[in-house]
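Lettered A, B, C, D, E and F in written order, each chain numbered from 1.
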Amino acid sequence: MKFGILVNEGPFTHQASDSAYRFAEAALAKGHEVWRVFFYHDGVNNSNKLSEPQSDDRNLVKLWSELGREHDLDLVVCVAAALRRGIKDELLAAGFRISGLGQLVEAGIQADRLVVFGD
Amino acid sequence: MSDEMGYEGEVVKRFMYVNRKAPYGTIYALENLETVLIAAAFDQDVSVVFVDDGVYQLKKGQDTKEIGMKNFSPTFRALDDYDVEKLYVEKESLEARGLTAEELVVPVEVVSTEDLREIMAQQDVVLSC
Amino acid sequence: MLHTVNKSPFERNTLRSCLRLAQKGSAVLLMEDGVYAALSGTAVSDEIADRMDDLSFYVLGPDIAARGLSESPLIGGVQVVDYGGFVDLVVEHEASNAWL
Amino acid sequence: MLHTVNKSPFERNTLRSCLRLAQKGSAVLLMEDGVYAALSGTAVSDEIADRMDDLSFYVLGPDIAARGLSESPLIGGVQVVDYGGFVDLVVEHEASNAWL
Amino acid sequence: MSDEMGYEGEVVKRFMYVNRKAPYGTIYALENLETVLIAAAFDQDVSVVFVDDGVYQLKKGQDTKEIGMKNFSPTFRALDDYDVEKLYVEKESLEARGLTAEELVVPVEVVSTEDLREIMAQQDVVLSC
Amino acid sequence: MKFGILVNEGPFTHQASDSAYRFAEAALAKGHEVWRVFFYHDGVNNSNKLSEPQSDDRNLVKLWSELGREHDLDLVVCVAAALRRGIKDELLAAGFRISGLGQLVEAGIQADRLVVFGD
């Protein structure tokens, strides 16, 4: 089955990004496809490669990047939400791309299920 | 389930945007509205629901000058131009807040909890906030 | 003490916790989405009306106006202040407590 | 439809709204801070217990364990799932609705 | 008001940290704890209060392995080493959640709403979250 | 009177930064001193100079920078919260500095009043 995933909050402040990551991992482990992960609202902050958590904490930006590389995921950061919050191309971690909100609607249309994680 | 073929043979899905938050205290109301406007361009079956504090988004007379933020409530009036015509407001949410449909910036369909439950259950994609 | 409440009383327990723990004689300022608690005729109006003898209630006018509530009747006794009035309230009370 | 609730029932109205608008026969998954609603013996346990005939309730085990509730009794009928079980629930229902 | 002189002639203020949020769902519990640990180094009169969902921060038996986050509840046990000894838990909050003081990771003083109201009113600086 | 101000949320997502800004402005207009503004939790995102809101929207990063310059304010971004969230020196708008949490406690001690804005 094809999943679309929407992440509405940044790393750390809310559990949303953690939950979405674990959901994506579990879906892939079961042989499903993650068709696109869309980062909206503060979710755009998940793509900031400067994020440097303490050494005994998880690094969500890196986790998403790596999951993206391993499974060739489409990690899309909303341009309007990103500009407001100061997330630009020069900050993007590997595997993320910035694009329009239409990509979220498209995920809703193309994926069999859209699953939302937020505050 | 309710997937149908559109006039160009494309899949048409039922998209529902559920607004549950008040405006200005958080950005969700504004950024969700941005999504609805984009969604309208995709020729899907779009409906927008206002429940709980989401009904406050539609309150007439918003004047944001002194808080320095943009008053986005007039944009709801533009939804009609985008062919987004299904706007539902839950009666119970309005009444709990002492509001009437006359106090809202756009004409809406005021529905009972039972009716809304029914409409919600028929959707393919639900985006709540 | 000055207590500030910035959450909708319909959405969260914030106002209720503030009212439970605010000592008699304290002031409560409703701001941001907290201003909805100042309206009369709603399902939660009694929460504040019931404490009108114990506590002084204020509401931030700019947040009332932003939400289209300038013409809406407030619970009797709630006083409207602007940001300058907010500053004065902080000055008048020895400490302030933001219920987030 | 699968409804997900990730907010504490003590702090917010999220669960209450979900239960009001979830149609008979739907599934509700409690996750993140929403797992507190699955506990028996709390002031809000009845909200879910009262709907046990209409709706199927699930709770995310990893969130239960994280919060130190693995030994705490759950409301009878609530089923514990892991992330894989969450994925299965999404697959089994035609649409999902996250109450945020 | 309650400003006093410390032993080195410095002003000592009463700082109260009020925890109202559950752990893990948001970061506030963890980041507030970081503040308390720093505050302890400043020789102020520090108290930490747990009310509403904040009492869940102290629940024994937290195991965060499967959610991939760090279990910070053992850190509460370190507060004593930092001379942060005034930990108050509201009785009503505990009871509403079906919890007892025995289920918490550290010894705390369980206080009534009336007592807590009194203690809170005496503070110079209150940081709630 | 000397005020300390604590901002716990980033720009846009919550009204906290707007309210804090207007409060600071009003306090200064009344002749009070704003001794320090401390940015904690997601509040650290208020210092990101790449933030680029739409042209008809307020730019909170710039507003804080300008208020800081006009009134010589001490705008302190918490280092621990900032590192996690990928806010580093190279992103700091004019007038902000990164420092430790001790600066918040110090503001509580030195200021006559500490006022908190958050979610």
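Definition applied: contacts are C-beta pairs under 8 Å (C-beta built on N, C-alpha and C of every residue); 3 or more make two chains touch, one makes a residue touch a chain.
Owing to the predicted nature of the structure, the values given are computational and were not obtained by experimental measurement.
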Just to be sure I understand the contacts, which chains border both chain F and chain B? A, C
What's the fewest number of moves from chain D to chain F, given that each move must go to a chain touching the current one? 2
Taking each chain's centre as the mean of its C-alpha atoms, give the chain farthest from chain F. D
Would you kindly state whether over half or under half of the residue numbers at the chain A/chain F interface are used by both copies, giving same or different? same
Could you quickly compare A-E and E-F and let me know which has more C-beta contacts? E-F
What is the distance, in whole Å, between the centres of chain B and chain C, each centre taken as the mean of its C-alpha atoms? 28
Measuring centre to centre with CA averages, how many angstrom lie between chain A and chain D? 24
From the C-alpha centre of chain A to that of chain C, how far is it in Å? 38
What are the residues of chain E that contact at least two other chains? 24-27, 52, 67, 69, 124-125, 128-129
Residue numbers of chain F (touch at least two other chains): 8, 12-13, 15, 19, 22, 41, 57, 80, 114, 116, 118-119
Could you pull out the residues of chain D that touch at least 2 other chains? 6, 10-11, 13, 32-33, 62, 82-83, 95-96, 98, 100
For this entry, which pairs of chains touch? A-B, A-D, A-E, A-F, B-C, B-D, B-F, C-D, C-E, C-F, D-E, E-F
In the complex of these two chains, what residues of chain F are touching chain B? 12-15, 18-19, 21-22, 56-58, 119
List of chain D residues in touch with chain B within their complex: 1, 13, 17, 20-23, 26, 94-100
Enumerate the contact residues on chain D facing chain E in the complex. 6-8, 10-11, 32-33, 36, 39-43, 61-63, 65-71, 82-83
Touching residues (chain side chain B, partner chain A) in the complex: 11, 13, 15, 27-28, 31, 34-35, 38-39, 41-42, 44, 124-125, 127-129
In the complex of these two chains, what residues of chain E are touching chain D? 21-26, 52-53, 56, 59-67, 69, 71, 73, 95-98
